[in-house]
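Each of the next two complexes has chain A plus one other chain: chain B in the first, chain C in the second.
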Partner chain A sequence: MIAALRRGLGRRLPLLLCAALLALATGYPVLLLFLQSIFPDILGGSLAGAFDAYRRIIETPELGAMIGTSLGWAGAVTLVSWVFGIPCGYLLARTNLPGKLWARMSLLIPIMTPPYILALSYVLVMQQGGFGDVLLPIPNGLRAWFFSFWGVTVVMALASFGYVALAVEATLSTLPRRLEDAATVLGASWRARVRHVLLPLTVPAILNSGLLVFLEALSNFGVPAVLGTRSNLPLLPAEIFYLVTSWPLDLALATSLSSLLCLLALMALYGKRCLAQWMAGGHIRPGTAALQPLSRRWIWLGWGWIGGLFLFSSVLPYCAMVLTSLAESWGGDGFPPLTLKHYVALFEPGSRSLWALATSLGLSVAAATLCVVIGGYIAYVSVRSSGPLRHVLDGLATLPRVIPKIVVAVGLILAWNAPWIPLNIYNTVWMLLLAYVVIYITDALNYANSTVRGMSPNLEHAATVLGAGRYTVFTRIVLPGLRPALMAAWLTTFIVCMRELVASVLLLPPGVDVTATYIFNQFEQGDIAAAMAMATVTIVISTIVLVGFQFRRRP
Partner chain B sequence: MRLAYWSTVLGLGWILLAGCDGGQREDVLVVYSAGPRPVAEDIVAAFSRETEADVELFAATTGQVMARLEAERYRPRADVVIFASRVAAEALKQDQRLLRYPEPSWLSETEADWHDPEHYYFATSAALVGMAFRESVYDEDADWGRFLSPDPGLRMTMPSPSRSGAAGDLVVSLVLDRGDAIWPELLDARGAGLDFAAANSQAISTTLVGAFDGILGAVDYLIFSQIADGAPLVVHYPPSGSALVERPIAILASTPNEELSRRFVDYYFCREAQERVAAAHLLPARPDVAVSDIRGSRELPELLERDIEAALKQQTRILRRFQLEVERAEIVR
Partner chain C sequence: MSVYLQCQGLRKVFGASVVLDDISLEVQEGQCLVLLGPSGCGKTTLLNVISGMLAADGGELRCNGRLMDSAAKGVHVPIQERGLAMVFQDLSLWPHMSVAENVGFGLRIRGMKANDRRHRIDTVLEQVEMGGFRDRMPNELSGGQQQRVAIARALAVQPSLLLLDEPLSALDARLREDLKLELAGLLRESGVTAVYVTHDQQEAFALGDQVAVLHGGRLAQLAPPEKLYDSPCSAFVARFIGSSNLLPFRQLDGYALIEDHIAIRVLAADVPMEGHCMVRREAVGVLDKQPFAETSDQVILAGVCEQTHFLGERKEAQLRLPSGERLRGVTAGHIPSGAPVWARFPKNAVRFLAD
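Take a look at the complex of A and B:
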């Protein structure tokens, strides 16, 4: 009896271990956050003042308005991203536009650029006495428009329309031409074809990418913190940040606003599911799409559209960034003389900037490796097992993907700073490593999950029959099979960790910087040249790693 | 294989534990300091040279220091804190989170009015919060009233009171001084283009590049140090009054190193440390230490009325209201 129980437990041990790990890493902080938002003093062991913070949210009209602004802004960003991205996707998938490879590259660059760097660069271009004013005077009306709701919306949309374009392209290029041909034969005009055939079939892709953009906009911290505060546009993530980091501090309000933000994100996810089910146009067999020939005029227009977006999403901000990092001094008349002194200062041995760079590199490598190893193992365990525990595991693992990063970070502060934690992990760099792993493990999981599903378990069974242990099976059979997927996951995680801002800014111990916080702080302190030099170096490093991997994959 | 597995796990665990030194330790003094980082760094370095004690320093703004203390409420870590605001120190004192230092030996040699009468905190130095202008637009008679109107004639910026302790003290002083009538005036000023910078340094740098004509709530020693570097700025103390902002030092009640903490506090008031403070253009707590050449004299200008008790009681409300109604106000321009 006991032996049977032990055997059962032994069989379930990996699954239980994974579930416990995820529950501790993700479930516990999020749960504590919800509890703290309801009982402000729960960490002190008291249940006094229940729902006090929520009452204050209801009673303060400014807070309600801010929540509305946040939702409206995220919605506006999604709409503008659709407007920017859907034509690009159509041009790439369905027309004979020349130079598609370049067009695709031009979409990838803004996706790779961290939104806060885009926002900082735009501040440099648009502020009074900024870049734009040195090269050509910017009319005040344009400036006022830029530092307002729609200006901030457009910047965020420029950072995210690439997702929409690529998702729409992927869907449209696998839609077979048969349905359209049928419609044409039956006499439908181009407009009717788009309305009744193409649009319904691409709706899931449009909605999916739109949801991605909406969630990113709703929870993005960098753009609201950089541009929102300069444009009198109060947005939730930045406000939560100020409530947690500046005086008068209000943890109860911060956690309750975080909980609301989380709820809004979940509602968006659920709403999208309902909408997609209601609108989805049935199943289709994938095929190759025929291309629509474009007239010369339309080619010009198409390239004008893509090129214009590239100009505003990449060329202009990158030029501003690099030129600022090279400019001798700032704010004089005319074009400033160029110098490399900011880069020399950046790499000065023992300087804060060099430490920040080293910390970022170390943390990103460690976090990417941990994510890949743990994520790969969890994916393997979860795919190869069954039962209700598996669903719990899947749910826990996808939690950080839906929940805004700032909420996870605030939850982590509470969770690891609680009086009952025996380890002193809060206030150390390890806290940040933990945060990176918790936030980004879903990417590794997703990559590994799809690969494990495609792998036959026969080899593993054979090894087990021949007497190999669990550890041997995983390291000798499963890991090599997962390698390509895990390499891709490692690369993605490394790059996103190198630029991670919000968790870093909330969780870093005293006196430690990573590149993102260095850029953010130097900009706030007014040393924009140093900030932009660091931004350039970070992006160059990410690009080198990316290109290096591409070359290694194709020997 | 099994052995390799367990040794990896143990190794990782050990690294994790070794890396965690976040707790309070008896041989390390942890200092959280607001205000000029170089001064704090120099004094800490000199102190650890003299006493051979390990000191960890977290230098940030008053707001960040307070936020950190609040986040660590149930797991305190700091031993000594230095603020750029008396109200902040008073808040901690009322919360019974400070340790009393009854009779320090240097007490009579320093400015007695600046210290807490019950000796929970002591002002290491002070600064004045007034205005600063670019030389070219300087107006000697400028007063608060002009900039709290819809037509100030100049484009002004102000460090955000939630980031700069000094600006926070000024806003609280102004509100207490002028009463609730000030709120519409503040909104007028906002509508006329008053902008809020993230912190003092941002306010200064944007003014230097010409985006603004001047700074409301400028902390004088920061402007003096810019002037020392040749910046074309002028410090201005408005006729109706400036705010005196002390920079109190205090020992936290949770400290396990009372002895070392007291020695650090003592060190802050010794002649050497005070000279370092004066070199940063602050007003040193010791009257016998000369102020910097650019500051010129110890003479105080007209000061705004101040009531620490009332300020403490109302400051959260005032600052939150300021943040929501003025700073984040949607202005149609």
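Take a look at the complex of A and C:
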């Protein structure tokens, strides 16, 4: 009997191990955050003052208004992203627009750009006495509009409409043309076809990408911190950040606001699910789509649309960024003299900036590697097992997907700062590594998950039958099959870690910088050129790594 | 009865290849025309020209007297205005609409009121025996049921012309058999004018009032099924219709020479100088003993039995002639393969066709 038990345990061991690891890394901080939000003194071992913080939220009208603003703003960002992105998706998938490759590339650039860098660049463009003031005549009315609700909305939408465009394109380009032909033959005009056939079938993609944009906007820290503060637009993530970092700390309010943010995110997810079920359904066997021939005028309009978005989402901000990093100063009129001195200063041995760059690189490589190794293994174990434990594992693994990064970061602060933690990992760089892994392991999991699902278990059985052990099966059969997916996951994780702002700002020990915090802090302290030089370098490094991988992939 | 659909010299070119060449045909109102031919002969292309999805490069297309397509006159009526309905090969039901919504779509586009629409949907679904499935989604239906719904969707709008592009070819053989007969009944009952594309000869015969055999983009023959079966106009058609023996022949001084030793007296004007002669399998008797006296109106050919097989109502034997040609016919008992056999058929059962 004991032998049987041990055998059962042996079989379950990987699953248990994975579940325990995830529970410690993700479940524990999030749980602690919820508990602390309810019992403000729980870290001191007391359950006194239950729901105090929530009572304060209800009783303080400004906080309620801020939550409303946050929701409204995220909704507005989603709407504007739809308006920007859906026509792009249609143009790419359903028309014979020339130069689609370029159009697609123009969508990838804003997706690759971190929102806070976009926001900083726009501050440069729009600020009085900045880049824009010297080179572009910016009317005061436009400036006032920009530093307001809708201006901030548009910047965030410029950073996110690419997701919508690509998702819509992916769906529209696999809708079989017969579905439309069938409607045409029955007398449906172009409009009726779009309304009754194309749109309902695209709704899931539109909703999914919209949810992604909504959640990102709701929980994004960079844009609210950079633009929200300048536009008198108080938003939740910036407020939470403020509560955790400025004296006097108000952890109770911070955690309860974080919990609310989580709740809102979950509600958005649930709402999307209901909407999707109500609005559309049905599976489509992918086919080839029909291309609508465009007249000359429409080609111009289409390229005007895509080109205009490219101008505002990429060309203008990048010009501002690069020019600022190269400019001597923006004092006088006209074009400033150019210099490389900010870059020279950036790479000066022993300087803070060089350390920041090195720290970022090291952390990103380590985090990406850990994410890929752990994520790949967890995905494999989870897909290849069954039972209730598996659902727990899946649930834990998807937590960071819905829980905003800033909330995870706050949870991690609590969790590793608690009195019962023996290790002194808080206030070291390792804390940041842990945070990166916890936050970004979902990407690796997703990539690996879908690949493992596509791999037939018989491949492994075939090896097992020949006498291969569990370890051999994993390293010889599974890993090689997972390699392309894991490479892609590594790349994605590396790039997002290189630019990770919110966890870094919250968790870095004093005196240590990563690129994002360096950019952020230098900018706020007025050394704009240094900030922009660092931003340029970060983006160049990410691009080089990306391109390097592309070339290696097709030898 | 009047002519409903009229094609005159239709021509369609893709790049350098001529896919439809000088197609002229007519369909009477309420009749079903079947376009039959091997893969790649241009059936779908012709159907697409009729539906308006493709514009013809030459010739004219008229529907009910109205000019629909004419490259010369620059006329091309858009699909929406042709009042058609179409059934596709790949069961293209809209996956996000229920059965009733799929069927009602065309009615909705035509602005029919909800009440009348419901009534009409019920009637049509009853017609295709799918009455109990109104509220199902397409992915909850079997392939055959989906195709019934697709047919109902097309019939619902009471189209003046119904186009069907291999509607049964995605289904398995048994189902195809059942649906074929049902569809024939439906078409006749609803009195719709139809153009039906298939590469299956059985389907063509079951459904067509007229069958147009296409070959390499040209119209090889247009005739009712019986006529097509009895007197195909070329060896290609005979071969495609199947169940015939074809033997090469050449004409010499008023005689057609088969297998170089059988001569049949023919009218030189009616028979090409060379080609293939056709003998139906049912007309050929295969014997395992040499028949005694050769009557003058019968042909007897000696060969070696290759195989016999049982076809239910009769037994068929295949034999090989000394020239290497094969011949099939009816036999009474089992003949071992390799045994010498004789084929016998009346001279007047032979048709002489050009290649």
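Brief remarks on what is shown
In the analysis below, the second predicted complex is superposed on the first by the 544 of 555 C-alpha atoms of A that agree within 3 Å, B and C clash if a C-alpha of one lies under 4 Å from a C-alpha of the other, contacts with A are read in each partner's own complex, and residues count from 1 in each chain.
Going forward, a contact is a pair of C-beta atoms (placed from the backbone, for glycine too) under 8 Å apart; a residue touches a chain by one contact, two chains touch by 3 or more.
Predicted model, so just to flag it, every value in this text is computed and none were measured.
Here chain B and chain C are compared by how many residues of chain A each touches, and B touches more.
Of the two partner chains placed around the shared chain by superposition, chain B is the only one that A:471 touches, whereas chain C remains out of contact. In the superposed model, A:179 makes contact with chain C only, not with chain B. In the superposition on chain A, A:31 makes contact with neither chain B nor chain C. In the superposed pair of complexes, A:170 makes contact with neither chain B nor chain C.
Contact with neither chain B nor chain C is seen for A:299 once the two complexes are overlaid on the shared chain. Interface residues of chain C, counted against chain A in their complex, comprise 51, 53, 79-81, 83-86, 88, 90, 92-97, 105-106, 109-110, 137-139, 153, 157, 163. By the touch criterion given at the top, residues 176, 178-179, 181-189, 192, 196-197, 200-201, 280-284, 287 of chain A touch chain C in their complex. Those residues of chain A that touch chain B in the shared complex are 43-44, 60, 62-63, 66, 127-129, 144, 229, 232, 234, 242, 244-251, 330-331, 413, 417-419, 421, 423-430, 469, 471-472, 509-511, 524-527.
Taken in their complex, chain B has these residues touching chain A: 1-2, 5, 16-17, 19-23, 32, 56-64, 66-68, 70-75, 77, 88, 162-163, 165, 168, 196, 198-199, 201-202, 204-206, 208-211, 315-316, 319-320, 323-325, 328-331, 333.
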